[in-house]
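You will see chain A twice below: alongside chain B first, and alongside chain C after that.
Presenting the complex of A and B:
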């Protein structure tokens, strides 16, 4: 294990003070399920590590009138067990319960899943589908808010700067008739990275036409994002096999456009299409 | 689309090393003055339960509680060489050595008990020795041990059991390569997602011939563990090499099944005693594992009509096979 300075903050202010001074050379640690292996493998060599788990203001789940706020050090287990999240965002709960195994879910945090920005993250794409907003603070800029889509620039690259701290995640509530589904395909049923996952959110209008649709495949592109072109094909229309087929095709094109052809595409491209079609049918069929 | 299939895998397995390779088990059993028993033997119990089995064998012969026996194993300073823990051989080979040593001690104790009790029809049961026809004539095992020590009789016995076989004919390869064979059959029921290549094993029925299950719960545990290993071998476990370097360096990459991957396992222990085993027993370690993968792969073939020939049948490999199978059948079907 390499040597580094270990800091522990008791408040957001204390953490921001330290980050404004040493942020570029300091890694923030919460559950440590990503950072500790990276430190062991010497993939990162920070001068200091800042523990934020003791900061009370960074944890918990609070239901507000039109949205839900939760702190970045909320663990996957806490998400899984939250009645508020189960009621309003079952997609997020499903995604959180698919992470690793019980030990990792007890330890790993939602903020870590966002900031680490692994292309194979499970909760991150679900948050993209839910249109989550990130609340970020620094001494330099105070509080700024940014949509999660766009906050991830590339594999393991999040726009949150060295002197900034993710201090909250906010999701707006959506109409109760909205349906959602999270699907994960791994090499085994627990303790496996996603070969791919899919976050799907759909709402039909009174006539049965698609009023809202969000499609976010994960682990098939460097960054999880909504496939707007595929969504558009189904929007405003009633579900038909030919339309679904077309949307799946477009999704494949979009993935190839961002990712290119890799060794894994021979498997991933047809299978993500199939998973997409299966999932839509499961939600609406 | 999801397709289901059922498959069977059967095997026979040569127990021990065979082919004239040295295969000897040994045991030193000692009865102390206070009636406690110490067993020394060179093999290691790495979790499969051989220490328990050996304790049971010695306890059965001496009529004492198996958990009162102290096992000292795998210590080159104090234990005799008993060969490695491998080839499913411990119960069958070392168990016989235990049996011989314990029986030799019992014979000595019997002479002492006959002298003290004046009866010959003696039973060794529940830490006591008594006459079957005159059950009031009895002596505790502890007291008997003390009496034997007082008489200066040998209360340590060492025994060896050798199952080294003759070799097969070097010209023809014919002959009886092993001392004894084990048999097992597994059935698997699977559901294959033809779109993703994902295999869900729904159920395994495992039937294993143990000769005699000295500890049925232990045998069941070995069968369930074997099935889990066989399932990983069939579906997920893979060692990757690149230019001679190992690429699969951790259990994060080498995918063994988790508890969420192992299906309900129905175990059936068949007991056809083998005359050369202790109480008719033979090993079940590897026999419990060998038929699982063939059963699963046969079930996949039954579900899909295409056969996996390269392991593991993981997502990518199976998906490729399904697509190739489809193309072939389309070509054949015009």
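Presenting the complex of A and C:
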């Protein structure tokens, strides 16, 4: 590991002061489950590391009237055990439960999953499906808010700049009749990096037609995003096997458009199609 | 870059040690404090051999910068029992033959302890999930799970 200076901030202001001065040469550390291996392999060589785990204002889960706010250093275990999140966003809870083993979930944070922007992240696609909004602060710009979709530009590339700090994540509550599901395929059940995962959110209207649908496959594309073309096929219609087949086919086309044909494509495409069809049937069938 | 003074409470005792910011909790425990019961396995957070309890929670000590443990409580295998007064989990591991080469055992015991503190009567599936971050290449896990289950009932 290349030597670095260790800084620990006790408040957001303290962290922003340091980042405004040394942000480009400083790495923010929270749980460290991604950063420490990267430091050890010298994939990153910062001059300084800023620990934000002691900042009280970056932790916790708060239920507001129409939305839920949670801090970026909330751990996967805290998400898994939160009664507020279990009630409003079971999709997020399922995604957080599927991360690593207990040691990783006790340490790894939701903010780290976002900022690190791993294409195999589990929680990131769930947050995209839930339409999460990020709250980012810097001395230069104050607070800015941005949708999570668009915040991730590529594998390990997040738009949050060197002098900025992710200070909160906000998800709007959705109508209670909305159903959701998170599916993950790994090489084994525990401790697996996702080979692929799927976040699905769906709501039917009074007549049984699809009123809202969000389909976000993870770990099959460089960036987790909604497959709008596949969603449109089912929107406003009642579920029928032929429509589901068509949507799955379109999803496959969209994925190939982004990734091209790779060594894993022969495996991943039919499987993600099957997982998608199964998951929709499980939610609506 | 200079060493920094690190103060923590390890197994109930106050310790002070000067460390480089690059050092992980694992390295400080083993190399500065001589607590070699915490094992260095993969050093990537995959094997769980380096598991310790940080403020009561199981963590991979290879994925914690030592300075992030500033002022915190750390429990290692050396704090779990004494040779003349073993912890019930240690007794049960011996009784059920849950130890073969022994390399995973310290981490496995600490994960088991964290699990039982949170959930004193876990189902077999909950035990499996509780130790899913600890690899054992000898036992096939069956005896480890039995050993933990036995303590949870008692």
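Keep this in mind: the second predicted complex is superposed on the first by the 285 of 285 C-alpha atoms of A that agree within 3 Å, B and C clash if a C-alpha of one lies under 4 Å from a C-alpha of the other, contacts with A are read in each partner's own complex, and residues count from 1 in each chain.
FYI, a residue touches a chain if its C-beta (ideal position, glycine included) is under 8 Å from a C-beta of that chain, and two chains touch if they have at least 3 such contacts.
None of these values were measured; they are calculated from a predicted model.
Colleague: A:51 contacts which: chain B (first), chain C (second), both, neither?
Modeller: The second partner, chain C, only.
Colleague: Which holds for A:195: it touches chain B only (first), chain C only (second), both, or neither?
Modeller: first
Colleague: Thinking of the overlay built on chain A, is A:101 touched by chain B (first), by chain C (second), by both, or by neither?
Modeller: Both: A:101 reaches chain B and chain C.
Colleague: Given the superposition on chain A, which partner contacts more residues in chain A: chain B or chain C?
Modeller: C
Colleague: Touching A:1 in the superposition: chain B (first), chain C (second), both, neither?
Modeller: second
Colleague: Contact-wise, after the overlay, does A:271 reach chain B, chain C, both or neither (first, second, both, neither)?
Modeller: In the superposition, A:271 touches chain B alone.
Colleague: Should A:185 be classified as contacting the first partner (chain B), the second (chain C), both, or neither?
Modeller: In the superposed model, A:185 contacts chain B only, not chain C.
Colleague: One more residue to check, A:32. First (chain B), second (chain C), both or neither?
Modeller: second
Colleague: Find the residues of chain A that appear in the contact set with chain B and again in the contact set with chain C.
Modeller: 101, 189-191
Colleague: Taking the complex as given, what residues does chain A use to touch chain B?
Modeller: 101, 185, 187-192, 195, 264, 266-267, 270-271, 274-275, 278
Colleague: Show which residues of chain C lie in contact with chain A when the two form their complex.
Modeller: The touching residues are 1, 4, 20-22, 24, 43-46, 48, 51, 57-60, 62-65, 67-68, 70, 111, 114-115, 128-130, 132-134.
Colleague: Can you list the residues on chain B that touch chain A in the complex?
Modeller: Against chain A, the touching part of chain B is residues 195-198, 236, 252, 255, 257-261, 314-316, 319-320, 323.
Colleague: Along chain A, where are the residues that touch chain C in the complex?
Modeller: Going by the criterion above, the answer is residues 1-6, 8, 29, 31-33, 36-37, 39-40, 49, 51, 53, 77, 100-104, 106-107, 189-191.
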